[in-house]
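Shared chain: chain A. Partners: chain B in the first complex, chain C in the second.
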Partner chain A sequence: MHSTVVRAQNVFGFFTTVAFAVAALIAFTDLITPRTPKANISMSKVEVVRGRPNYYSTKKEEYAVLRFNLNADFSSLMNWNTKQLFVYVSASWPNSTSSEHTNEAVIWDTIITSPSADHLQNIGPAAMKKLKKSAEGKTIDPSRGKINLKNQKAKYQITAPGGRLAEKNDVVLKVHYNIQPWVGVLTWTPQIEFGKWKMMKGGVSKLFNFPALKVKKAADTTSR
Partner chain B sequence: MADQILEQARELFEGQIDFEGQKLAEFLATALLATVGAISFIVGYFRQDIKGALLIGLGGTVLTFLAVVPPWPIFNKHPVKWLPVGGQNLDTSELIIDG
Partner chain C sequence: MLSALQNPRQAAAQVLNFVLILSTAFMMWKGLSVLADSPSPIVVVLSGSMEPAFQRGDLLFLWGRNIFEETKVGEIVVYNVKGKDIPIVHRVVRKFGVGDEAKLLTKGDNNLADDTELYARGQDYLERKDIVGSVVAYIPFVGYVTIMLSEHPWLKTVMLGIMGLVVVLQRE
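Presenting the complex of A and B:
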């Protein structure tokens, strides 16, 4: 500590140690914060149509176009260490060649930011202003964890590698989430109970079937 | 003249402090940084405010740098008493020689 340079080095060196210790403590607080997510999902409309994966493709595939209702409460996941919450809905159905594996595809997703991470959202200036205003003066905003969607259209239409999807049975919609913390580990929907982290209540729809291929009436008359 | 200015500039840049001052600087750096870390975590947790915790932590670190790095007069209160040049008129009665 005899000269300026040595003092600066020593202070900075111990600062990194303190920063690491504080970050570890912050990550640890996640473990003692209860997580009690709830979700209620149901399919409201499903149809299977034929289409092309892209404009120039000659291959025709079957696509499932879905609508669903989602009522979820993820407010317990929005604590001080939450940067953003990624919520996604998948559709899954049994694999015809394997009983171990299921087909699963994401049909809808959303990113819910914590007020501390609003500036990271990739949205326009007007929407950004509105988003920031919605949490003015708040350090966390648990109300953002509440999702209420009625007859929501899927963001992604799904298909299968074989291109056949019509008349598949026992399809189920599932809600998943992924918490991205400021410091600590990424966590996905827990499959087991872990301390104060409870498994999601609900979050799985009733089984339904993909209907037969929807045939356009105009195409029906000309094809004969 | 130029030598004198150069010497002053070198001293200012090196910022040497005495032994008691080094002990004090070491203690201050450790105590201040540890306290700042504890305060930033506790305030951040109870206010559920990660940005606040970050600001307290970084702000406190900047203050620690300002308190410890420059050679403040408080670190130079016990200058080393050197023996006179040439060893003439040396009063050995107060001299302690190690070993």
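Presenting the complex of A and C:
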């Protein structure tokens, strides 16, 4: 009994040591892989409308409905330790009291999986088939990191606590990314240059203003 | 077994050894907790709401200190809803204001809607104090054993029994 238990313990111990060492090595290779992300974003249409947070609510709030153009090249971020790339566009605006952009809300996001992580996506069978076919035989597909959107509608209509959003000035759209590794450290858009990881080129739109509340057509106002 | 009973000094040493192992593990956990400034610096993912990034059983390392900047939009945080004891791992999608009173809204990547429905009644936003920590590192699958243990409680008894036996019966 003695020797069997000890042997099993040794085998298991050795296995975990090796597994963790290999995982650490894989995680380390992220650091020596260059990252040169580029993005170009511009606002194409903005309006502010009144609406309710959900169907049953009686509370009326102001919502900003945005459209934007995005042209990004994140292909250098797709390496063998990339499980998914999460790209998101946020709108930020300052408070009335300061010029700092203290409010930020995500208006659009997308999940870009590495081909080896496709099967984990929560999409319909037809979309899954198409997705898998797009990178057949490849485990890394840098071309997926290229994004080209024209006049893209925002996924999320944003509001602010208090429900007032119209006529806010100096709004800016920003592109961000978050790399989810297979193992290791999660990384976001870097604030400083870090070794081979360059800062994102561009990725910030020109300042714009939320317009005044859009007046609804006569037909809409008949509803409560 | 018999030899351990015949020699009380050795039995005591072995019990002490077992207690030492347990307390070492406990102190390491608490030490990590202090270092990361988070009540629970390592968590296991329990739901699929962040798929495909995190699956059930994946291990997440949390960091609770805001040394360089505040918790911001895009970060994946673990939070506790008021009055409930289930930690939730989701991404911050909105932030209004700065400091401890900043209002944060979260959403799971795999969920269609944001977390307003998950929060307590009358709670529209999270605050920094609701957040246990931000996810900084990831190891897949390793935590699955804890899910097994919580779903099949008898495994816990069996495992503790085996561990105890091995430590007590081991000679050196």
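Operating definition for what follows: the second predicted complex is superposed on the first by the 204 of 224 C-alpha atoms of A that agree within 3 Å, B and C clash if a C-alpha of one lies under 4 Å from a C-alpha of the other, contacts with A are read in each partner's own complex, and residues count from 1 in each chain.
One rule holds in what follows: a contact is a pair of C-beta atoms (placed from the backbone, for glycine too) under 8 Å apart; a residue touches a chain by one contact, two chains touch by 3 or more.
It should be emphasised that the depicted structure is a prediction, and the values quoted were computed from it without experimental measurement.
Student: So in the superposed three-chain picture, is A:10 touching just chain B, just chain C, both, or none of them (first/second/both/neither)?
Tutor: The answer is first: A:10 touches chain B but not chain C.
Student: Looking at A:58, would you say it contacts chain B, chain C, both, or neither? Reply first, second, both or neither.
Tutor: It touches nothing on chain B or chain C.
Student: Touch test for A:182: chain B only (first), chain C only (second), both, or neither?
Tutor: It touches chain B and chain C both.
Student: Any idea whether chain B or chain C touches more of chain A?
Tutor: C
Student: According to the stated criteria, A:97 is in contact with first (chain B), second (chain C), both, or neither; which is it?
Tutor: After superposition on chain A, A:97 lies in contact with neither partner.
Student: Pick one for A:139: touches chain B only (first), chain C only (second), both, or neither.
Tutor: first
Student: Quick check on the superposed pair: does A:151 touch chain B, chain C, both, or neither? Answer first, second, both or neither.
Tutor: A:151: touches no partner chain.
Student: Taking the stated contact definition, name every residue in chain A that is touched by chain B in one complex and by chain C in the other, in rising order.
Tutor: On chain A, the overlap between the chain B and chain C contacts is residues 2, 5, 182.
Student: For the complex, give me every residue of chain A touching chain B.
Tutor: Going through chain A, the ones touching chain B are 1-5, 7-8, 10-11, 14-15, 18-19, 21-22, 25-26, 29, 79-81, 116, 139-140, 182.
Student: Which residues, counting only chain C, touch chain A once they are in their complex?
Tutor: 48, 51-53, 55, 69, 72-76, 91, 93-98, 102-103, 105, 109-110, 114, 116, 124-125, 135-140, 166, 170-171
Student: Quick one: which bits of chain B touch chain A in the complex? Just the residue numbers, please.
Tutor: Per the stated touch rule, the residues are 13-17, 21-23, 25-26, 29-30, 33-34, 36-37, 40-41, 44-45, 47-53, 57, 61, 64-65, 68-71.
Student: Which residues of chain A touch chain C in their complex?
Tutor: Touching chain C from chain A are residues 2, 5, 23, 53, 83-84, 86, 88, 90, 95, 100, 102-106, 109, 111, 113, 117, 120-122, 156, 158, 160-161, 176, 178, 180-186, 188-189, 191.
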